[in-house]
Amino acid sequence: MTPADRARRRAVGSAIALSVPGMLVLLALFAVPLLRLLALSVEGGSLTAYEKALTNELYLRVIFETFKIAAIVTFFTFVLGYPVAYVMATSGRIWQIVGIAFVLLPFWTSILVRTYAWMVLLGRNGVVNRTLMGLGLIDGPLPLLNNLSGVLIGMVHVLLPYMILPVFNAVKKVDPTLVLAAEGLGAPRWRAFLHVTLPLTMNGVMAGMTLVFTLSLGFFITPALLGGGRVVMIANLIEEQVRELLNWAFAGALSAILLALTLLAFWGISRIMRTRPA
Amino acid sequence: MTLIKLNRREIMVGAGAVALTARSAFGQSEPPKPKQIVVNASGGSMNTALRKAYFDAFEKDTGIQVVETSPVDLGKLKAMVVSGNVEWNLTEIGGQDGALVQRLGLVEKIDSKLVDRSAYPKEAKSEYLFASSVYSTVLAYRTDVFAPGKQPKGWAEFWDVKRFPGPRSMRNHPVDNLEYGLLASGVPADKLYPIDMDRAFKKLDEIKPHVNVWWTTGQQPAQLLLDKEVVLATGWNGRFYDLMKKGAPIAVDWTGGSLKQGTFVIPKGAKESYWAHKMLAYMSDPKRQSIYANELGYPGLNLESIKYIDPQAAPHMPTHPDNLSKQFWLNAAWWDDNLEKSMERWKQWLLKT
Amino acid sequence: MAAEDVRGADLRVDGVAKRYGAVVALGGVSLSVAAGEFLTILGPSGSGKTTLLKVVAGFEFPDAGRVAVGGADITDVSPAKRNIGMVFQNYALFPHMSVARNIAFPLLMRGVPKSEIERRVNRALELVELQSYGERRPSQLSGGQQQRVALARAIVFDPTLLLLDEPFGALDRKLRESMQLEVRRLQRRLGLTTVFITHDQEEALVLSDRIAVMDDGVIRQVGAPDEIYDRPADDFVAQFIGESNLLAGEIAALDRVVLDGGASVTVRGLGAGHGRVRLLVRPEKMAIDAATNRFTGTVVEAVYLGEAHKLRVKTAEGIELLVRGHRAVPAGASLTVGFAPEDAHVICGAG
């Protein structure tokens, strides 16, 4: 063994040693509860909970709806969040701080309060409808609340910062001379953005999308309050099983299925990331 | 869980009975006093009223601090009992969950030597459940939309969207709604159980397009009426009572109201059981129950308490003789047997387009 | 030193001014670059040379003045439409594209057909001797190779003008020298009009057809390298380029200047002028034991440079002289140095 080998081995050893506390925390806070959840779902050694979840039309449908809503919310946070992040990252220091403050402000307000605020804004007699009717733009109130659009608006609002912050970070990391170079090489602004800025910020976009998508899957307050009962997400059903029906085995099974599907989605995203050309 | 039915005769009997004061029920030697006990309840105005009616007096008399927590959470109760780490000394549970918590062994027996319920109707003297108050899910509407003489009465009229047009709100739950559907379709109140689900859902099909919001929290229907988002709603009588006290153009129709009892339990394995019992003794006191009732519109089950209720508030009590006769008692036993199945069907029905 | 086959266009900068708030970056700059010429803008950092380049490239719009290429005014044309190739200081290669894609980028933007793109990219790669590197990512290349990719990308679309913004700054000395020669060779072969920016005077002297010396937002002097070196227009140019002995004095006769401190020297080219002047004598023109304009003093510093010895001599009058020669003289020794009358360049004015 050469001295270099020995040094390398020592470095690896200390890296393992350093990661032990973190691993223990993860184990205690993540792995153990997860295993208990899985244990719950096969209570009494039977898979009936899974059988029910995967054969009952209601649960399959709600799982599908949940993923559909998560995908729509992810799309809208991207479409709305990217320009905001881009403008923030490319403007001066003061505006950046102001922008970040505005993005973070909602984090200090409870999700319940924000959801109620949307109810005030979006209702039949809410601020938005009254304003539009006052301006003569619409004759009757738009159905903005107590349906899917209400849920989407509320969720996009809550989750927007999770898209903006990683994208902001990614845009800030793009060397501005690359954009100049592209323009100098004959690319109009929008093509320079499409060919240089966008691909170089894709990592931030993917991080934001992953965050928003996963967080969306677990939403239940917003759909319950803004959906008017017409929107049911899987977390609503899990919560009902846990808190109302006390059927923890079934709740565990639903959670495990949600987890498995989420991991599958992650795996899919990372595959796309890896095979992405350029 | 026994089916509780109050009627006028029983109340009169109860009112004549001699009630012992709560204090006399306690022996000479009390266990040492803890610094505090934790009582978990619905929160909001309910906790305020609990404090006003019971907690302040309890703290003053015993020197034990009462810590209020909320909300009511059956899952948390189960988690506490299963893990052996019970933080609550006393907790409220949902009106229809009494049978469930007994079946799962999540609650302690109530010691009748410590809590005097002699003035309670006999159906409300469960071994495990303390009936704290009566509440009802009733029909409410805007009085500026439906003028006197043209006001909806009962569920058939709630269903009648031609005579009583406008958006409605109902609870996002099968409990109550299945009964309302049956009543609207002409089933008499004493023939509701066992519930004919097919018939109930078929009737609910008719009202579904007119329900703007299927509510999930008790505050929602009151707020929706107040904001005129809907003009008719089902909801807990106390929530509407609160708005009416403040002068909102809202009225309640008691016809076909669904009565249930607010219930407190001592979680299995909870510490300071003696002091939890002592709190229940305070909560069974008729005078104190009347304070609570005046505040919220939820009368207690100590039949003596009727005497102390503010005459102005009395017509808003679900147990007021005029109101009581129009309503039915929810059959908690039937619901315990059918809850999971009916909730699944409810969700499926709701998502059906 | 004109290019062999001129393909570039001429550049005219006319009275270009640019200020950022209270700071004047360009104070009315005018400059002509002939087609196929290699012109270097030389100046210290903050002199405005990068701003001038950005104005030419279109990344900054001037407050006043015009820019024309090949006779066409491009002052208001967007950078994408200027058809100017530029190599950035940090190369600005697109990290998410392969080398070939980087070079293909300007052609793609111009809608060049695919087969044509492939042909021209290959030719450009050949030109910079990176034929087998097309599929690599820029991060997998060395600094010199990245530089060559940037160069290939800047010339593949036959720009009318090539701008080089301190492109050799990040390279080590040896690589830098070979790159300098390679760029010069390419530029001449392609006949590209080239504007090169540097703060390195040696680089400027080696590469340029002409040099424009900039300071404080204005051009101090434009001329061929030997002109700039031998006959600087003012003290700044004299001192910025090469090492110099600047001797201040007063014209006493047609061929005599009396230096401050009393010494009198013989020079040429005074003409009929009078008043204060500075005499510039390059250290290599100072000779030990010269026949004319002799100064005697003590060697206060002796540095061996390999190809020469550099001596600092201090005279009794307090004049310090730099001398570059082939003789080793130890510090502390007494020495007489001097210069021929024709080796002194006269700079007029107050200085």
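In this document, chain identifiers A, B and C correspond to the written order of the chains, with residue numbering beginning at 1 in each.
FYI, a residue touches a chain if its C-beta (ideal position, glycine included) is under 8 Å from a C-beta of that chain, and two chains touch if they have at least 3 such contacts.
Worth saying up front: this structure is predicted, and the values here are computed from it rather than measured.
Among the chains in view, A has its Cα centre nearest the centre of the complete protein Cα set.
Note: the chain lying farthest from subunit A is C, by mean C-alpha position. Between the CA-based centres of subunit A and subunit C the separation comes to 54 Å, rounded to the whole angstrom.
Distance between chain centres (mean CA atoms), subunit A to subunit B: 38 Å.
With centres defined as mean CA coordinates, subunit C is found 90 Å away from subunit B.
Interface of subunit A with subunit C (complex): residues 175, 177-178, 180-189, 191-192, 195-196, 199-200, 278.
Those residues of subunit C that touch subunit A in the complex are listed here as 57-59, 78-86, 88, 90, 92, 94-97, 101, 105-106, 109-110, 153-154, 157. Residue ranges of subunit B in contact with subunit A, taken from their complex: 73-76, 78, 94, 100, 104, 167, 172, 211-217, 220, 223, 227-229, 339-340, 343-344, 347-348, 350-351. For subunit A in complex with subunit B, the touching residues are 56-58, 61-62, 65, 119-120, 123-126, 145-146, 224-225, 228-230, 232, 237, 240, 242-248.
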